[in-house]
Each structure stands twice: as C-alpha cells, then as structure tokens.
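Working notes, structure below.
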C-alpha cells in the first residue's frame, strides 16, 4: 500500500493525486479551505474524512485545525491543514509501520491518534477550571469573569467539533463499505466511545464553568453585603456620639448638668452606653 | 433551456408563466406574499423552492427577503421579492453561463449563491459581538444592553431562517426526483454543509452574546460594590474626626486636657491615629 | 351537501345530528366541555376535529375558545363553543358559497379561517412587546414587570394551543382518508405552513420578552448604581467641610491660626480644596 | 366477572390470587413496594398496570400513592397502596355496576377515575400560584420564596408522575392485546387526552412559578433601590444644613456677618435654599 | 458453570482467561483502563458489559468505579476495578448460590446488586440537600455556595453514569442473544425500571439544588436590603438631632430663643418630634 502524507494542502502533489485516483473536485476544494465540519463522505472508490484535531497553543488558546483523509483500496492520502503538534508526533511514529499495515488499519490508527490528541486539551481545561474555582472563592476579581468567558468560548467551540467528530465515529462504525474490513469494527466502536466520553467531559466542564460564574456573582453580592454591614456598624458606633456631642455643643443656656464638673463624663458615658447597646442589638441579629 | 429571471413578483409575466408551465396557484400566491418560510415543495412536473437570503442594510439592520425558484425539466424561473444586493450581484454573473448549463446546474448555482450571501452577514455579527465584548469590559453603559438586545433579536431571526434553510438543503440532497441529476448530489451536500456550519455559527454567536450580557451584569454589580467601598472608606476617614471634634466642641466644663495648650494636638493626633487604624483594618480585609 | 353551523353546543339539534350521523358519544361530550386540546380523531365514517381559535378581548386579554368540526361524506357540522369574533365574521362569509363547495373544501376553508384569526393576535403581541421594550428603556417601573408577566402568561398559553394546532395541521396533511380529496393536500400543507410560522413567531416573542425582562433587571441595577454614586458624591462634597468645621469648632485653646483674622478664610479654602481634590479623583475614575 | 378490590397490599389474599391467576412474582413484589413508576407490563394472560394517583393532604402537601391493576380475561384485581381519598370515593361507586360490566370496561373506568383525581390537585396548585402572585406583588417577604420553592418541589414531582402516566395512557391506547376490546379505544384515547392536558397544565404552572420568582427578585431589587433613594434624599436634606451650621460653629474670629444680628437668618436661608436646590435637581432626574 | 471473580484487573489470570475464552483484546484493555463508559458490547460467543457502581467514600465524596462482566455460555467473568464496598458485600453473598444458578441468572443478580448500590448514594444526596435547604433559609453563608456547588458537581457526574447505565439496561432488555434466556426479560425490565427511577431522582435533586441556590441568592439580596433599612433608620433617627444641634451650635448672635432658659428643651423637643415624624412615615411605608 502507499501512504501519501501531505503536509501542505496547497502542494501541487495533491492535484496529481486527485487526477490519479479520481478524487472529486469538491473534496480537493474542501482540503484547501480550512474550517470544514468534521464529516465522512463517500467518493467513487474511496472514503473522504475530515477530522478536526485540536490543541492548546503557546498563547494558551484553543486552536483547531483540519486534517483530511482519503481511504482507497490500496492507498491512503492524508492532508494536513494547519499544525497540531501532538497529532503530528503521533503520525510521524506511524510511518515506521506502514509497510505491514493495510490501508484501513492505518486509517484507523490515524483517527485514533487524532482522538487521542483531544485528551491533553481536556486536561488543560480541567486544570484551568480548577484554578478558576479556587480563585473565585478566594479572591474574585473582574478579570476572573473575562477568564471564565474565554474558557466558555473555547468549550463552546470544542463541543461543536467534538459533536461532529462523534457523528463521524458513529458513521464510520456503521458504514457499509468494503474499504473497511469487519475486524476493524470493534476498534472503530472504541474510537466512538472515546469521542463520546470527550463530549460528556466537555458538557461537564460547561456545567462547572456555569457554576463558577454563579459562585462569582454570589460572592460579589456577598461582598457588597459585607461592605454595607461595615458601613452600618461604623454608623452605629459614630452616630450616638455625634448626636450627644452635638447636643452639648449647643449654645443654649439650660443644657442639663452643664454647670456640673462631671458633665463630660456623663456625656461620654451616654455615648459609650448607647453605642454598646446598638452593637448588642446588631449582634443579636447575627451581624458579626 | 430558458431562465426566467423575474425581479418583481407582481410582474404580469409571472401569470403568463404560471399558465404556460401549469404552476400551482398556491405557489404563485406564495411568490407574491413575502415572509414565507424557506421550503421545498413538489409541484406537477416542477420543484418549488423558497429561499430566504439575508443581508445587513445601510442602517445596520438585518434584512431578510424571499427568493423563489421553479425548477422544471427545461426551464428555471426565479422570482425575487425584495432586494438582497450580494445575492443579486452573484445572480447577475450567472447570466453569462446560462446557455451551457442544465436547469438543475443553474438551480444549484443560485442556491449556492444564496447560501454564500449569509457569510458577510455572519461576519458582520462576529465583528459586532467582538466590539460589544470590548465595550462591556472597558466601559459598560446602559445603551450596551440595548445593543446586545438588538443583536440578539437579529440572531434569533437569523437562526430561524437558517434552520429552515438547512431543512431545505437536507431535503434537496435526499429528494428523489428526476429533475435533479445524480451528479449534483455531492454539490447539494456541500450546500447542506455550508448551511449547517452557518447554523452552528449563529448558535455560537448567541452563546457569546449571552456571555456578554453576563459580563455586563457582573460588571454593574462590581461597580456598585466599588462605589460602596469608596463610600465606606470616606466614612472611615471622616467619622473618627467628627466624633472627636464633636466631643471637644461640647460646652461642658470638664473636658479632659481642655486647659492644656496642647489639647488640639492631642485631639488631632487621636483623629489621625484612629483613622489610620481603621484603614489598616480595611486593608487587612483586602479592600484596596 | 349540508352544512350544520351550530352556534351553541348545548343546542338539542346536536343530539339529533349525533343520532342521524352516528357520531361517537365521546365526541359529542367533547363538544360540550370546553378546554379540549386541538386534535383530529377518526370517527366511523367521519373525521372529528377540535380547533382552538384565539382572539384578544376588549379587556386586552387573550381569550381562547373551542371550535369543533365533523366532516362526513356529504355533510359538515361545525359547533362553536364561545365567541371568537374574527373567526365568526370569516365563517359567516362562507355561507354564500356552500352550495358550490364540496364538504372537504368548506372544511379546509373553515380551518384556514381559524388559522387566519391568529394573525391579529400575534400582531397585538408584537405591538405590546414593542411598547414594553420602549418603556423598559425609558422609564422602568414595577408595574412593567407585572405587564411582562401577563404577556408571558398569554404567550405560554398561545404557544401551547398553536403547537397542538400544528400537530392537527400536520396530521390532516398526511391523513389517509377518502373524506379529503387529493387536490386539497397542497392547501392543507399551506395551512400547516401558516401555523408553523405562527409557532415560530410566538417563540420569538417569548425570547424578546425574556430580553425585555433582562433589560428591566439590568436597568434597576443600573439605577441603584446611580443612586449610590449620587450619595457618594454628596458625601464627598460634605465630609471635608464637616471635618474641618468640626475641628475649628473645638473648644480647645491651641487651634492653629485661631487668633488670626483670616482663620475662616483658611478653613474655608481648605474645605473647598479637599472637596475639589476628591471630586477630581472620582472624575478620574470615570464617575461622571 | 370477578373484581378483587384489595385495600391492603400486604393482605394474604394477594398471595392466593397470585397463585390462582399465575401472576408473576415481580409484579406481586411491585405491589408491595411503593414508589414504583407508573407503567404497563404484559404478564402471561393478564396486563399489569401501576397508576400513581395524587391528592393534597390535610397538611397542604402533595401526596402520591400507588394503585395497581391486574386485568385478566374474566377478572380484575386492584391493589391500593396508600390512601387517595378522591380516588377511593370514585372506586367505591363503581362496585354497584360490576355485574353488568366487562373486566376491560371496569378497568377503563378505574383508570379514568384515577386521572380525574388529578383535577382537584391541579386546581389547588392553580389557586396557590394565584395567591403567590398577589403576595409577591403586594408584600414580598422571605417566606414567599420558601413557599414558591415548596410549590415548585411539588410540581416537579407531579410532572414526573404525570409524564409516566401519559406514557401508560399512550401505551394502553396502542396496546395490541385481546384483553381490551376495540370499542374501548376511543375511551382510552380520551384518557390520554386528559393526562396530556394535565401535563401541559403542570408545565404552565412551572413557567408561572418561575415568573413569580422573577417578580419576587425584581421587587427585592426595587425595594433596595427605594431604600437607597430615601437614604440619599435624607442625606440631601441634611447635608447642607450640617455643613453650614458647622461653618458657623467654628471658633474662628472672622466668620462673615458673624457680628450682624441677622446672621442666623442668613445661615438658615442658605440651608433652605441649598436643600431646595438639591431636591429640585433630584426631582429633575425623576427620583420622586 | 464457572464464575471467575477477579478483584484486580491487572491480575495475570485475566490474560489466561482471555486466551481460554477468546476475549477481544480491546475488551481486556477496557478492563484495565478505568473511566470507561457503562456499555454493552457483543463479543464472539460472549457479552461484555461495563457497569459503573458508585458510593460515597469516607471523605463524603462521590466515588465512581468500574465493574466489568463477561457473560459466556457456561461461564461468567467479573472484573472489579476500584473498590465499591456496598457492591462488594452484595457480590460476596452471591458466591453461595453459584452452583445452582445459570450464568445469565448470576449475571442478572450482579447487575441488580450494582443498581441497588445506587440507592444509598441517592439517599445521601437527599439528606445533604435537605440539610442545605435548612441552612440556606436559616443562616446563609458563603461556604453554603461552595457546598451547593460540590453537590451539583457530584450530581452532574452521577447523572452522566446513570444515563449510560439506563442505556445498558434498556439494551440488555432488548438484546437478541441466546446467552440470556427469555424468562430473565421481566427481571431485566425491572432493572431498567430501577435505573430509570434513579435518573428521575437525580434530575429532581438537580432541580432542588438549583432552587436552593435561588433561595440563597434571594436571601443575600434580602439581607442587603435589611442592612440598608437599618442604616436608613439610623440615619433617620440621627439626622434631625444633628441638624438642630448644629443649628444651635452656631456662634451667630440672633439664634431664636437663645436667651430663653428653655431653649434646650425647645431644641430637644424639636429633635424628638421630627425623628418621631420620620419614623411614622417609614412605618407607613411598611418598613418595620
């Protein structure tokens, strides 16, 4: 068997292969325009599959690329659009075993490698969400919202491509074609299981993120509540003193005890007592 | 083949064509009342399709028009209701190739053009949402909510017509009719893929808008929180001074140190110390 | 053909007709108890349909009535339960054409009239929602929430009956019965299209109402925010003056510059300067 | 025919009947463990049905019981687990007509009675929600939330059992068994209709409760908003007076007009004028 | 029959069994990598089932393990991955009855035991939610949110595995295989019923948790509202006193009644009267 492993979809070799194997022009076009949906299509004498491998790039962003396969009776063409490092590493290892494999076996191994490449992405999200949860409880800040939003955006996209990938896996497993031999079916079912689990994990991540956002919002309300309490406690402490000292600050003539040498002590005691009384009331209503 | 490209649905030519090709009166009526749903219907000897092209008009609003097709064995009738500039440009270009095309090929090309016309609309929404996201984080204002709401309204409508268009594409791809030859099936599948991707994009846009609204709301809460803090800090700074100066403003006779020439300094120091103490406490609880 | 157009379901004529045409007792019972679901049921030799026409009554409330049809080979019985003015007007017009119509044609026309009667209801909701949106942005008040809630309640009910009506239309279009001739199928499909569009419109209205509620809530938060700002600005202006005048109100002997004839001007300048300084800081943080 | 109407599922008679009619041990076990799901199961020569009648008990709580039926060719066994008063009353009435009924007719009447027993439950919820809505608008209090939550809890449970009951009704209507004669089908369809309407009503109730919660929350925000306004208005009235009187309370020597006999009037006028001015500004911004 | 009850999936005995019974390498791999989805797969001459038993561990956390079964014609292999105490106890009891059972009977009993093991988990959640509800109403604190979130996380996971378990049960019940004899079908349907009820219970728990979160949030808003009221009442009591005493504290000469010996009483009365008046107004607006 022959494996044509093209790393650039604009390579003229693709045109040569298209002619040699009678590949449909629309499929060639699909290879050259990124942002296809993951899909399986029957060509004449071959099967055309678009995969959507994903990885987290150096800037900490989700990057989704396209990876196309043409499975023929005695050949396999793979076209890489965009670089997914973890998939590339796995594919490079497969070159060693090409001679001993059938095309459909190699085809399965590459799809399996693409699906395996989702695992580090999911782990990365797992960690990012754990981090967010800690942050949201300990020190919620406006940029946390931005972070939650960015993660959510990534998960929305990831969910979209994984759902399509699951359709692809389900399709392949049930495909009635003589290009894929029967002994591969359990393996394709295994791929389906992997993708289905990945979809479930993404769903769970989304639920957790929504929960983190809820915690954030409730913690902002809580903090406002705390601030209000502090303000009120301050007011409680100060107001009696202000009222009483204002009273004794009046320039009227008949202030009670004003002539007594203990007037200040009386006033100060009044201040302390009323403040203590108010604080006791607040305490009783569970404010501290 | 003959292509009747009517630009006005109230043109009397449509009546003539209806008679000549035995078009069903309900289909003619559909052409003349806008706001149909996108759909495919079998007529006697022809296929009737309603498309819903969309564009963003000069006022920056989503405008949805109707575009009807009758595909017969040797003719194609297109009826435009309302002006969609990007679709019109594409259709005008097709006139050059009419002679060499089969009716079903032209039919596909027009549907493809209508679907292509969604791309600039989606791009416009993409940009509008990016803009909103920046605004919501930097300078949230009440009119941002209005904007979010307007965009949401547009996306709701867009989603509705795209879902129907997806049904149309899916229907056409599976239609068992001899009006469409088999070699067009991969092309119709391609159209389906395009619309399906557009639906997914709109869904994602809606999720992003909902996220932007969440950020807006959380940023309003945050700002209230900030305002409260400032108010409390101000109170914290002022209250001890007010209490102490009130105390020394009393007209009682036994104020402590009142006769001392350093009483003011003592009082002022007390003010500064208590204020500093309170600020230190707030600092400790992470308020700055 | 004979059309029995009963306007009162408790009319004894219904019993006579039931006996004459062998109508099932359960169907007669359905006619006499309002609040049925819209449905199609096969009787022996006839088709029983319950429609749910709706209108907005004078009090501005959604009113839903029942309208029952029995379609036989050579007769049509319609039973009105409750008054729907717009449907009644349309039905009265049909009496003129009874003689020339087949029973199934009349049957279609009545169903079409019932579906047409939804249009003014939807328009009414459209206007009501537009009004709410304006109000919510300009002058949100607690009674707006009540209004939103009332409209929502109506839309929930409307959605419920329209969904059932859509099932009825879909059922009729696919019904394998010789009571309805084949040439009516495109017309019944048209009815289905109308109802389906009405359902979509109601869904959109619900989304818009939810959006209006969001705007309302965000505008209340915003106003609280505004009030807090005003309060804080007031505090900012007053507090320095209070602190400084309190300081100079103390009865201590060593107040700085107290003997100077310009002490007041010094104090007043201090007040103005600190207040201006604080306002400048708030300005810098975008509070005005 | 024989009707065995057991009122205690632990009655040893059930064991005797199980042996006599060869009832499956799992079905007998189901009768003796409450909290089954509503379901229909085929036994050998009989049909086993679990119903879930519901009522509101004296404490004003939803109580759900189990009621099991075995329909054989010439017998009917009913097993009551837990007391549902309204169902029991209806069943007791049926004893009079046993002799003249076929087993399947009695079977239908009992199911119909169980479904009828939901009506007072739904009415109770209807009233409870109306009450909540009034309360939430007039005098929202924290215990309203608790009440909303309790009602919601009940509706969640009710929805769950009604959905299962709907499946049972739909199953019975389509069941291909010679135990139920064809003439009962319209009646079973009628039962299905009843349950389906009940499900729709519960859904509507849930929507209404969610709306009531929204109103509650928005009215709490509104009240906070009101409180803030009062606080700010109070501040507005008091602050100018405090600042001005503080100014004239200073012990400095060069206070303006301090020697004039009209200084107090000047100061008081200043207080009134600034306060009035501030109130006018607030008025302009729609605060009253 | 032979039952191989392996308690360690890395036991080399598993390899021996795999060779002896021709078990598929992928199935052996599945046994050795935890975190599979619950599933049923057909092998050659055997049925492979992955169960997901769950329990609450000592730290009060949900722990989900894997449990694999291979059902052959005359053998049963069970492989335990991770320890689920309640399941283990049930399985150990089954060893006594191995000799008298058919493989499929034992197979059913083990699945039944795994499903029974969910009951204490659901009870634990039930209690935890009841506790949270009480807490949220009596003494809402930020750690309550954390607790709600943790419970929600567990329920999300539990729901995920139960949904898959339900698919497994539904699959087994309909499986067309001669490995399971017909008399087991009612028992497998019973298992399905159990899992379906468990799924419904988890759904209800999620709804209740969401409700608890709503109560929490509304109670935080309520408390803020209360704090604001206290602050405003304090202000109401203090402000008139401050304004009046400030007025009489002015050093101007023409203060009204300043020379009267009853000026203080006049001022004090004014303070009391205005404060009482304001409190009366607040009372009227339902603030206490």
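Letters A, B, C, D and E name the chains as they come in the text, with residue numbers starting at 1 for each one.
As a working rule, a contact is a pair of C-beta atoms (placed from the backbone, for glycine too) under 8 Å apart; a residue touches a chain by one contact, two chains touch by 3 or more.
As the structure is a computational prediction, the values presented were derived from the model and not from experiment.
Under the contact definition, subunit C and subunit E share the contacting chains D. Subunit B and subunit E have Cα centroids separated by 36 Å. Centre-to-centre spacing of subunit D and subunit E amounts to 22 Å, using the average Cα coordinate of each chain.
Contact with two or more other chains is made by residues 217, 221, 224, 228, 231, 235, 242, 246, 249-251, 255 of subunit D. Taken together, the touching pairs link the chains into one ring where each has two partners. In the cyclic arrangement of chains, the order starting from subunit A and heading towards subunit B is A, B, C, D, E.
Against subunit D, the residues of subunit C that register as touching in their complex are 24, 26, 35-37, 39, 41, 139, 142, 145-146, 149, 152-153, 156-157, 160, 213, 216-217, 220-221, 223-224, 227-228, 230-231, 234-235, 237-238, 241-242, 245-246, 248-251, 255, 257-265, 267-268.
Within the complex formed with subunit C, the subunit D residues making contact are 133, 137, 186-187, 189-190, 193, 196-197, 200, 203-204, 207-208, 211, 214-215, 217-219, 221-222, 224-225, 228-229, 231-232, 235-236, 239, 242-243, 246-247, 249-256, 282, 286.
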